[in-house]
Amino acid sequence: MRVLLTGFEPFAGELVNPSWEVASRLADRRVSGCAVMAERLPTVFGASIACLRTALERYRPQAVVCLGEAGGRAAISIERVALNLDEARIPDNKGQQPVEIPVEPDGPAAYFTTLPVRAIVAKLLAAGIPAEISRTAGGFVCNHTFYGLMHHLGQATPVRAGFIHVPYLPEQAVRHPGKASMELATTLRGIEMALEVLGLEQFSVAQTTTGRPATRQ
Amino acid sequence: MRVLLTGFEPFAGELVNPSWEVASRLADRRVSGCAVMAERLPTVFGASIACLRTALERYRPQAVVCLGEAGGRAAISIERVALNLDEARIPDNKGQQPVEIPVEPDGPAAYFTTLPVRAIVAKLLAAGIPAEISRTAGGFVCNHTFYGLMHHLGQATPVRAGFIHVPYLPEQAVRHPGKASMELATTLRGIEMALEVLGLEQFSVAQTTTGRPATRQ
Amino acid sequence: MRVLLTGFEPFAGELVNPSWEVASRLADRRVSGCAVMAERLPTVFGASIACLRTALERYRPQAVVCLGEAGGRAAISIERVALNLDEARIPDNKGQQPVEIPVEPDGPAAYFTTLPVRAIVAKLLAAGIPAEISRTAGGFVCNHTFYGLMHHLGQATPVRAGFIHVPYLPEQAVRHPGKASMELATTLRGIEMALEVLGLEQFSVAQTTTGRPATRQ
Amino acid sequence: MRVLLTGFEPFAGELVNPSWEVASRLADRRVSGCAVMAERLPTVFGASIACLRTALERYRPQAVVCLGEAGGRAAISIERVALNLDEARIPDNKGQQPVEIPVEPDGPAAYFTTLPVRAIVAKLLAAGIPAEISRTAGGFVCNHTFYGLMHHLGQATPVRAGFIHVPYLPEQAVRHPGKASMELATTLRGIEMALEVLGLEQFSVAQTTTGRPATRQ
């Protein structure tokens, strides 16, 4: 299974972005049946989606996992849903700070991830790695890119796609008193496990590709 | 303008629910051009939407504001978006605890509120009342009801509708050490101001009824 | 019983300090057997203690309760202990920012309050007012003044004395997103109840005046 | 320099205590001029101090660092002060839950640590390890033991002594959603660095042994 794994460049004055630290270390590696291709995205509204689309066309992956930094969160957060809403508290790396505008004027309000959220969280927790389901990817470039990804793929795609937020690295947290952090090695192991779940799934699980949870059983 | 204001019955062992304390005090009152009708909803998946629909048919309101309790939040939270996802951490008042199932199997992933979110928050903050925009209404009966409301009204409705979460009352917070609270009088004043914004808007603002933010200007 | 109640002037860019808002409203009033005298202290290392001592000499109170603002706390906090340590994260109102220096070079490491901490907290909680015991009054002018008070009174004094931190007012919290607040009326009621406990105690409770908790029973 | 490093046995239903995980890994090792002796203390009021005293007599260390678990804290916390107060929110490992009683009926209100708090924090932060000064070691067995240690040593001792709280391990945090954690390797490195500061200091720093901060310069 070809998996595109993306990370972002640093923003908000940080010198490093753990999402790209993880993605770059898995680039061109094989993780439990997943051949990983990595791409670094600019932390810029608009440009991040353009860059992601180019990568999608180049690599034609069967699964896409975008990673982003969530400063202050204590766990690896598997995002449920991408909102059609840009609403930034801080400027992006080009100085843009959109407020209450849609990512795609003609797009639906939201897309659900097609990653197996609960299976990933369960696997990480069982391995002793803090993980959680998140219901909001925020209003910044992370959510923007996630929405752009799901919108580009569309409802009918067989490509599994989603977004995972990772905590600060310890060396970042030293400048954010009281904020949680996670060692790069731990985050890396967590993302590898998420890929393992994806890799296993292609053989054993009937995939839902509808972009929302399965119907009430 | 006829406004339907709903609150919930207490849940999770609480003796009171601030959402209904507020709604019941505004029942049958006129607030800045809004004639308020109040309805108390059961904190029960399924039944809450059924009860809300009955009220919608009975009152035929021009605006609907559902209120709910958000224990631990420090501010009045105007919710941006209703997700098509039930995922409860605790049982509802009938013992139901759905996990990862849609509110409406055939509904879209989400609906945006059609309340003027930013205008309401701005008015409350200017009046010294803590208020915020929230991007997730959770996975419990609040989000469930909010989604059911927006789905029932549909995309083309002229009815403004949304959900507002309110903090614990101080007398609830005494049993939740460290959790924020808000006096009933303050919350009540905040909701009255939200209704004022709605009441004023019917005369002065071109309404967007598309269920998502306006296009990039 | 003559009670001296102090509050501080605003600091850190705030326009108001809830501690003085409360103290000034109880000035020259009688609360359940307590005749309240109020004094406003400067938020300045050194000067706050000098000002407090002058007030102690003028009023010769039988009990002293210093109030201070604790931005971000959700409850009225009865402080356990004053530390002989100034360590400020921000400058005081004269620009002083001491780091790791003692309040009194020849004083002991700490003094315990002689207020009936648990009785006060119990009374407030029973009345539905969020209250808590705190084990640190911080490193700023509040702790500094508290220590200066206890040191001035000395171990053998019959004067009951202590420090109570109060939350932001709602109108302050609007500029501190996510921070808890408490209505002035609620805080005022809480402090009145603390005075009631003091007023009742003079008739019914054998006082410990040792400046530390009673011995193991 | 002979350093006694203690950790606690697990409590509150945990299967592991990071404080002992760290201490046991440094047992009988030499860290930058410190010869480390490690002792595991019971998480029991009274017994922890008795056990610590026995170790003090056996090892006659020149410095003592007690480690404890602070679930939920995001950084390695160097404790400033030990209070003469037991006040437990949960039972200890023998079912004891003291409330508002002194550790030592005839002891002073508090003892300051004699560890070089700021130097340790500075070194850890410079190395990218989250660290902070804490002004309260709580009311449980950690503070109890810390107070017992300082009281036993007395004001005139040349032995440097103090207490350091460490965060949950990631595998503990998986059962405490939202709580911060720190990898064992990171915590271990942080404690080694604290020992390095102690080891260096014996050669270069005039020691204060008064049990409180130096006088105003």
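Miscellaneous remarks
As written, the chain order gives the labels A, B, C and D, with residue 1 at the start of each chain.
Note that a residue touches a chain if its C-beta (ideal position, glycine included) is under 8 Å from a C-beta of that chain, and two chains touch if they have at least 3 such contacts.
Here the structure is a predicted model, which is why all the values come from computation and not from measurement.
Although subunit A and subunit D share one sequence, what matters here is the overlap of their interface residues, and that overlap exceeds half of the numbers used.
A separation of 39 Å divides the Cα centre of subunit A from that of subunit D.
As a whole-number value, the distance joining the C-alpha centres of subunit B and subunit D reads 48 Å. With centres taken as mean Cα positions, subunit D sits 30 Å from subunit C. Across the assembly, subunit C contributes no residue that touches 2 or more other chains.
Shown here, the protein chains touch around one cycle, each chain meeting exactly two partners. Which chains touch which is summed up as A-B, A-D, B-C, C-D.
By the touch rule above, subunit D contacts subunit C in their complex via residues 80-81, 83-85, 87, 98-102, 105, 108-112, 117-118, 133, 135-136, 138-139, 211-217. Residue ranges of subunit C in contact with subunit B, taken from their complex: 74-75, 124-125, 128-132, 169-171, 173-174, 177-183, 185-186.
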